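Each in structure tokens, the structures are laid out below.
Next come two complexes, and both contain chain A; in the first it sits with chain B, in the second with chain C.
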Partner chain A sequence: MLKNYLKIAFKVFLRRKFFTFISLFAISFTLVVLMVAVAFLDHIFGPNAVESRKDRTLGIYYMEMKTPDKRGMWNGSTGYRFLDRNTRNLPNVEKMSLFTEPKPIVSYLHSEKIQAYLKRTDGEFWEILTFRFLEGAPYTAEDEKNRNLVAVINDATRKKFFGNESAVGKTIEVDGQNFRVVGVVENVPYLRQVPFSDIWVPISTAKNDTYRNEMMGDFQAIYLARSENDLQAIRDEFKARLNNIEFPDPKEWNSMYGEMNTYFEALSRELVGSRDDNGSASRPGRLLAAMIIIAILFMLLPTVNLININVSRIMERAGEIGVRKAFGASSWTLVGQFIVENVLLTLIGGVLGFFLSRFVLQFITASGWFPYAEFHVNYRIFLGGLGLAVIFGLLSGVYPAWKMSRLNPVQALKGAAR
Partner chain B sequence: MFRHLCKLVWNRKRVNFLITLEIFISFLVVFGVIVFAVYYLDNYRHPLGFNYENVWAVQVGIEKKSDDSDRQRLLDTTKQMLATLKDFGEIEHVAAVWGAPYSRGNWQSGNTIKGRNVRFWGNFMTDEAKDVFGINIVRGRWFGKEDDGANYNPIILNQKTARDIFGDEDPLGKNPEERFDPDPDGPSPSANREPKKPERVIGIIDDFRKNGEFAELFGYQIFRNTLTMPDGREPRAFVMKVRPGTTAEFEEKLVKRMQAIAKDWSFEVKTIAQMRSENHTSYYVPIAAFGLVAGFLMLMVALGLTGVLWQSVTQRTKEIGLRRAKGATATRIYKQILGELLVITTFGLLIGVLVVIQFPLLDFLGFATKQVYLYSMLLSLALIYLLTIACGLYPSRLATKVQPAEALHYE
Partner chain C sequence: MIQLEGVEKVYRTDRIETIALTNINLNVRAGEFISIMGPSGSGKSTLLNVIGLLDVPTGGKVALNQKPITAYTDKYLAQMRNEELGFIFQTFHLINDLSVVDNVEIPLLYRKGLSSADRRKRALEALEKVGLQSRVYHFPGQLSGGQQQRVAIARAIVGNPKILLADEPTGNLDSQMGDEIMEVLQSLNRDHQTTVVMVTHDPRQAEKTERIVRLFDGRQVS
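So, the complex of A and B:
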């Protein structure tokens, strides 16, 4: 039975090539756009080799500091002093790490300009994040304490400075300082702002010490919890500690607001966060809802288009339906047949979309628009998208099929479909 | 004729409803992309206000103490830096500024005038900045020696800020702060540590659009940075006009020299032209990405629409044939099919326009002016009409080919 349906379906597809083409185009194009969007989200938020413990990591990426009259505000990344004095020894935190935002710097090698990003970190940075070392090893808390001028560089930077040779033990000049390379790691994508940099050096090698006194500055911190269940307790403890901060000059600034976030929460605060007297709060649910709404709105047009085409296609087959009905086929049998046809078409479109998505993502990866980025088709989401497409295929097929199947066979044979 | 077309459309309301819905959504999609494109283009045609040819910027990272106790030392180093840079034969003019063109971050200030919000970006520049950027003074003058030790703080406004604050009055010699509404809570405690000199407008410039050609048209104020206490402040960038033909090799020499003067500062050299192209890319990429997606959506809609119309013409062979048999010319059939399509399109667009008009009323997409809005709407309307007509051409021609005999043979 099914075999027969499939045979008929293929015959119909081939008979009306133009319609088949439009349907396939709509389905595969919609899937491609969804896949590319998901690949980007996955690239920014999903776990990867370096941030393998994302599920039990929290961070402090943004704080607000206010004047006594609450009118002056300083917002952005925090300062070393604040993080160092107030967030150490949080209960249930296994390890914590302080680091700066990546900063663009220039170096010169034989009169050639080398542009790179520099990040200053402590030794624990290398213990929380699981970098893959191509050679050498990370610097340690000991190096940080002794202000050793040592650096870890990524593969791309090694190529720029040393070609294909080994780099460990050699010296590089960075922003006027000379560092001895102790390790080389695989490139980390730019969009992973926590681990990303080209060159990593100890915080204490900064050109001067003023950072040690800053409440706000360009530092961020990540915290590795013992288990996922401890995250809420850690967040609460941090909130509680915000009430007992010691300020260097309380007459100038005397309060700080903020929360410990996952990276997705941090982004939701930036995009759709709410703001009140206690600083701005993250709204991950709202961001998720916004993404889903945008996705549905985007899929609306292809769906309407698909329904439109399906309605037309089926009208055309009034004659066939009349014959089937006249020979005793029930309405349900007919609906079943049309649904099989629609699902088949959707699946073909899905396979096409899959290969197109791979092609597009490979193209974006190769283009170098996003430094060190690699985009992949997310299979889980692909199946989800395909599932949605099948549902749309069903919806767009059922209504016209049901209407047609209820036609009076005599009228249908006459082709009097309206 | 029109009423008759409407009747025909209404008779096939189920099919036509779907087409209307499709056209309505397409209009929203097209408008969404076009409104941004038109907005950026509109910004682009306004004057930039500075010249970026052969201008280099060295952005400096200065770690300063939070209690400000080392400002004197920072200002001295800045002065020494300017003097040293001036000695390079390759550099014609050099100045210290708070924000270099196309750099990130804005110094924003604002106040209310009779309850109306006036906001502007600001910059602090040393006197030579005019020569570095070739800033065009429309009225009044640039900062000069006559401002040294004066009993006012000289400021320069762009034309938008001058208009926002002073309306049609001549702003020269006046103090903008006197126009602002008094603070309901009295002056803030941190502001009146030492009595400030009153501000005085000494010049009006075309504009200084630091954020580039595509950025919002915004108010702008330039303050004079004398690099002396108490009002001087440390710069975030040195900008310099270099001699034409200066190559990148000079860069290393420049940075090494600067590093020697301020060992604990960090430096990043770029030509403004380079920063400009990076800035432009950040505008092109999202527009291109959304434009591409919208373009494909429209292609999909166009194909779908053609298919549906084609199908409906085939289906209506009988009706069309009957008309031909009763003496209707091919042109009249052609007009009927296209006319029906136009009625459906107009209906979908009407709903679309009604929805889109709500946006400015609800202050959604508030960045666009009424003109930008109107042009975007007209452009989107024209585009959708073009699209549907193009889709209708082939099916309408097909309809004219229907032979009366063919139609009559159905019965």
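So, the complex of A and C:
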């Protein structure tokens, strides 16, 4: 019976080429968008080689500072002073690291301009994050303390400065300063904003010390807990400490609000966080729900479209329905037949979607829009997406099939003869 | 084989009530070949549809092969149609996307316990009975009207039903092809004792059957 169903399904697909194209396009396009979105999310938030300890890492990425009358607010990355004086020695924190956001800089090599990103970090940065060194080693807390002009560069920067030669021990000019390269690491993708940069140098090598007095600035911090179970206690301690902050000029700014977050939580705070007088709070559940709702809505639209297409596609086959009923098909048998057709169409769309997703992700990777990014098809999500597509395929097939299967056989045969 | 007692069929809409059949009493014996005649709108096709369990009577009793139809549930009717009945339509109603042999196999798809090899064997035998063994892998569009009706007959008999119901089977054919189709139906009736009920407008074909039932305005007049 299945063979007969498949045979007729393929014939119908070929006969109604435009409908088939629209259906396949809707299914595969939906899957491609879903796969690209998931690949991005995975790329930004998922575990990777460098951030291998994400499960016990928290960060301070975003804070809010307010004036005494609460009318004035400064939000964004924090300052070195705030992090240095208020977040050290948190209980259950194994290690903490301060670092700046990656900043675009210009270097010159034999009067040739080289653009790159620069990040200033402390020595602990290399102990929390697990960079893979191609040569040399990281700079240390001692280098940071002694203001040593040393740098770690990534593979791409090594190629720009030295071609295929070793870089360790050589000097590069960065933003007007000369640094001795002590290590070379594998490229880290741009969207991994915590570890990402092209060149990393000690914080203390900054051209001046003004950063040391800043409550807000361009610093962030990460904290490695001893265990995953300690995360809540660390968050609570940080919250408590926010009530006892010493401000350089309390008449100007006198309160700070924020949370210790995972990167996903920090994003949820910025995008969908709840706000009150005590600043914004992260809402990761809300962000996740919003993502899921968007994904479902995104998949629902082609489903509704497919239902319409299916109704008209099946309506044309009233005669066939009449004949099958006359010769012994029950309504449910016919529903089964049309569902088989729909699922088949969905699966073909799924296979197309898979190959298109791979192509699109390879294209984005090769485009260089996101430096050092490598996007891959996430097979688990693809199967999930395909499963959802099949469910929607079923839904979009069941209603029209059920409707048509209820046709009175006499009416169905008359409809076909007309 | 077919027993109808006081069968009525009324089509009701919000405003109009149309009486299609009134008090039809009919007894068709096993192996009988009868024709139903009457002017357009007299209820011939409705009567055939009621016998064929494609339509539900408003009143009266229907029994097929000594089985009274008591429950008009979808599943039960489907099974009865599959096992007891075979249909031949004026406009053939073949599925153009399927080959001749695949069309003929359709009734067997809904019968339990048949392998695809069994189905294929029985479909080929049915096609042989109607003289179309050389056209099994053709598609309906590649056949003449007469050949298409033969395929439809093969489809109707492939499940060895006791009763064949033919709704103007020669109505779309020229007289020569119509005669050929009648010969096929007669031989099925004669050689296999299949009970045949045929609706027709054509008195020439009706005369070839054993008995003519005449309808007028939904009533049985002879």
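Quick note on the criterion: the second predicted complex is superposed on the first by the 409 of 418 C-alpha atoms of A that agree within 3 Å, B and C clash if a C-alpha of one lies under 4 Å from a C-alpha of the other, contacts with A are read in each partner's own complex, and residues count from 1 in each chain.
The rule is short, and it goes like this: a contact is a pair of C-beta atoms (placed from the backbone, for glycine too) under 8 Å apart; a residue touches a chain by one contact, two chains touch by 3 or more.
Just so it is clear, the model here is predicted, and its values are computed rather than measured.
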item: Contacts of A:T210 with chain B and chain C, given as first, second, both or neither; value: first
item: Chain B versus chain C as contact partner of A:T333, first or second or both or neither; value: second
item: Dominant contact partner of chain A by residue count, chain C or chain B; value: B
item: Chain B versus chain C as contact partner of A:V410, first or second or both or neither; value: second
item: Touching partner for A:N244 - first (chain B), second (chain C), both, neither; value: neither
item: Which of chain B and chain C A:S367 touches, first, second, both or neither; value: neither
item: Touched partner set for A:K325, first chain B, second chain C, both or neither; value: second
item: Which of chain B and chain C A:R15 touches, first, second, both or neither; value: second
item: Where chain A meets both chain C and chain B, residue numbers; value: 417
item: Touching residues (chain side chain A, partner chain B) in the complex; value: 18-19, 21-22, 25-26, 29, 33, 67-69, 71-72, 103-106, 108, 111, 113, 175-176, 206-208, 210-211, 213-215, 248-249, 252, 300-302, 304-309, 311-313, 315-316, 369, 414-415, 417-418
item: Chain A partner contacts - residues on chain C that touch it in the complex; value: 49, 52, 54-55, 74-75, 78-79, 81-83, 87, 89-91, 93-95, 97-98, 102, 105-107, 109-111, 116, 155, 159
item: Complex interface listing, chain B residues touching chain A; value: 12, 15, 18-19, 21-22, 25-26, 29, 61, 63-67, 188-190, 248-249, 251-252, 255-256, 259, 263-269, 285, 293, 296-297, 299-301, 303-305, 307-308, 310-312, 314-315, 410
item: Of all residues in chain A, those that touch chain C in their complex; value: 1, 3-4, 7-8, 11-12, 15, 319-320, 322-333, 408-410, 413, 416-417
